[in-house]
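First chain written, first letter: the chains are A, B and C, and each begins at residue 1.
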């Protein structure tokens, strides 16, 4: 797009730039490349303006400062930026209904109206795919599994036998729903006997599941993911875990078996949760925290073993002053030994 | 199943319920939904009975308490529950022998009797798949790889060139056996030169490998996984690692190159092991532990850096009392300054 | 190979062994099996020679010691070992140009000369695959994605729409390039609204990406991986992360959104980096470190929260002496109470 077209799109005023300039993309002040447009909304980032490589920057109408690049003055740089980003993005992909001839659909599977099944997908007997759902290349839907309406499964997703997805569930590439739970009984000779994992996974509506996530099927009953849950890449959810509505999990979180997580919980990246604990509604677990016991609702825990975040910070501060404390004890000891008094 | 059929199945006595009730599934007291049956074996969970949503609960013959739902009195609720769970589960899937026409099998590959090769699998030249082994949709078996008898590879598994699996190896979806080890030599200009990874991976008998696990091929020789080893989802095993028999690894464990792990070892979730260390037979590594040096047999280590668990707990307790210790030092200092004596 | 052939290959002298012995492979002294050859270069490992199962061992010409297995005296055991390893390895795999008939290539995709596209690959409209690049079984290349020259994608790799790979990029099985970034706005009712992820991923030249890695596309603009970067298995790179040239990341590292990593940085296994921080050129982040704020160039940080490694070690040492410090404070207190003087 020409810079002039962009100025028109967002109803802005161009300053110090050529409206015939070609703009190819958008980026933050720190990341933008020449030929891209950026924005400055929060004065905290004023200093980034002088270093930006962007060819043009959206600023507030009354922004007062100098710049080496073209400025576009607008009412709301944030919003204008979002609009321009959409205009400059490649058109959103559409997935016209249809079943690719290379897909292998069992005659006993049911595909609802307007599904799109990509190349090399496999849908086993008894499985059902709901209306307008999209399966991209190479997805596997096991026996008796049920995919709701308006779902989207990216390439190489596995939804194993008898698992159930609600409506509007998006799953990114390589995620596995319904792998066997990790359960063994010890035998006397030190070997392990597999405990059959007879349950399934039940995923609610409006859930998004990241790339290469793994969610194990229950030993009995269901591993349950509530409505509106958002799960980032490479997360592990073990058998029989129960997750409440609208809980979010950052990447690489690991949740052990039978743990129950409330609604509106936030789990930071790489956090690990022991088995059979409960995380109350609205609790927050810090990144890399190791949760070894239950967490009360609306509590923020962090560290290993996880404790209330304020206390974790306090202990961290005390640890940092430990070398000083030791010196003070040494001083007391030597004063004591010498019988000296500070007088 | 009707509740009456279930009562007959486990030889129990029905109390306070209608034998024509439909029972669809099983669940723990905490997780069961209406229409499901649960069990109460350990009196520790007595309190969960009053909150359960289960329509019926298995209890001991002599259990003495009140319930809002139907009770089924049996000798061993635990065992009866397992039997009912199997009876209520969908029939176990079977994989009849045969090669799906969409599978691409090199003419120089050898498939033993009664293998089942699913849609879109690829088996390269020189590879061999043993008797009765099952490859589900989209598996990749590289050149010269060998899969033993009675193995099961779920969808999208990669077993790369020349890797060897024993008998009765189960691998869950998306796991990768034999990706290149991570080895580079620094060049003078700061770039990295790849060190060829010429070895393979050798997996013993009766091994189970979780979804999206990665096991790298050796630089030379073999990365080795012993008999009976059980590996949970998203575990990383680097090149030249050696793992003894019957060792178990929880999800998201990471093992660095050339580390040697004994037999009967247990690695907790998200534990990380440095390279070139040895973990003795029967050792236990706590969840999230960071193992930086070798661990003696039958030792339990935890924390970062990992140390004997008892000592880690001791230090943790001392850390928790550090604010108090500091106050005590302050008191001593102020007493000392004032020359005051406690008497 | 016969042992005699090996001796000839490396110009060595055989001692105490039969030149007609069959040698099947190579291994370190600790790992080698009967029928394999090993080497002893560093006298630190002298003690391993007596326990090795290797059938023959390469030693220096002037090495002076006894051995139960055949010795091959050479000038440089290290180098001779590498040469023999190559000679004993299966021949390197080649990927002759051609497009497997089961691959699904959109008529609007462009495949350059001499590409090799394996079975069941999918290349969408507008995508381009550069000269001599190899796509192994089941790879997915999304709409408008661009793969450079001489790339190699192992089985089940996804490169999603509009992502760009440079030349000589190798990606191992199951890695996902261009999954959606993890971005949501909170709604008043506690649910989350997806923020469209309109950007892409741009990968430089000579990059290697491990198995089951996930690299998210940017919200706007590009997640960028510089030239010569090496990424081990199961790493997570979030949206809008920028990685400089020749940076290396060990397995299971997690990098949060918009973090900027310099050139020549080394990230240890399982390290986690918060969002919006900067890691200076040449910095080193220890394994399992939790980086919560920016790191200066050429600084080594470790621990949680990550701090300068020397300081982390110091605090660790102080923590280890905390039980002793507490006793010393108790002694001071009791001396003080008793009014006793040490003299």
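We adopt the following convention: contacts are C-beta pairs under 8 Å (C-beta built on N, C-alpha and C of every residue); 3 or more make two chains touch, one makes a residue touch a chain.
For clarity, every value in this text was computed on a predicted model and none was experimentally measured.
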- Rigid-body rotation angle, chain C and chain B, from Cα fit (steps of 5°): 120
- Task: Report same or different for the chain A and chain C interface, where same means the shared residue numbers exceed half of all residue numbers found there.
- Result: different
- If you average the CA atoms of chain A and of chain C, how many Å lie between those two points? 23
- Message: Can you pull out the residues of chain B that are in contact with at least two other chains?
- Response: 102, 120, 138, 156, 174, 212, 234, 252, 270, 304, 319, 322, 325, 329, 332, 336
- Message: Could you list, by residue number, the parts of chain A that touch chain B in their complex?
- Response: 102, 104, 120, 122, 138, 140, 143-144, 156, 158, 160-162, 174, 176, 179-180, 182, 184, 190-192, 194, 196, 198, 212, 214, 216, 220-222, 224, 234, 236, 238, 240, 242, 252, 254, 256, 258, 260, 270, 272, 274, 290, 304-305, 314-315, 318-319, 321-322, 325, 328-329, 332, 335, 341-343
- Message: Under the definition above, what is the set of chain B residues touching chain A in their complex?
- Response: 25-28, 30-32, 36, 81, 85-86, 89-90, 93, 100, 102, 118-120, 136-138, 154-156, 170, 172-174, 206, 208, 210-212, 228, 230, 232-234, 245-246, 248, 250-252, 263-264, 269-270, 287-288, 303-304, 316, 319-320, 322-323, 325-326, 329, 332-333, 336-337, 339
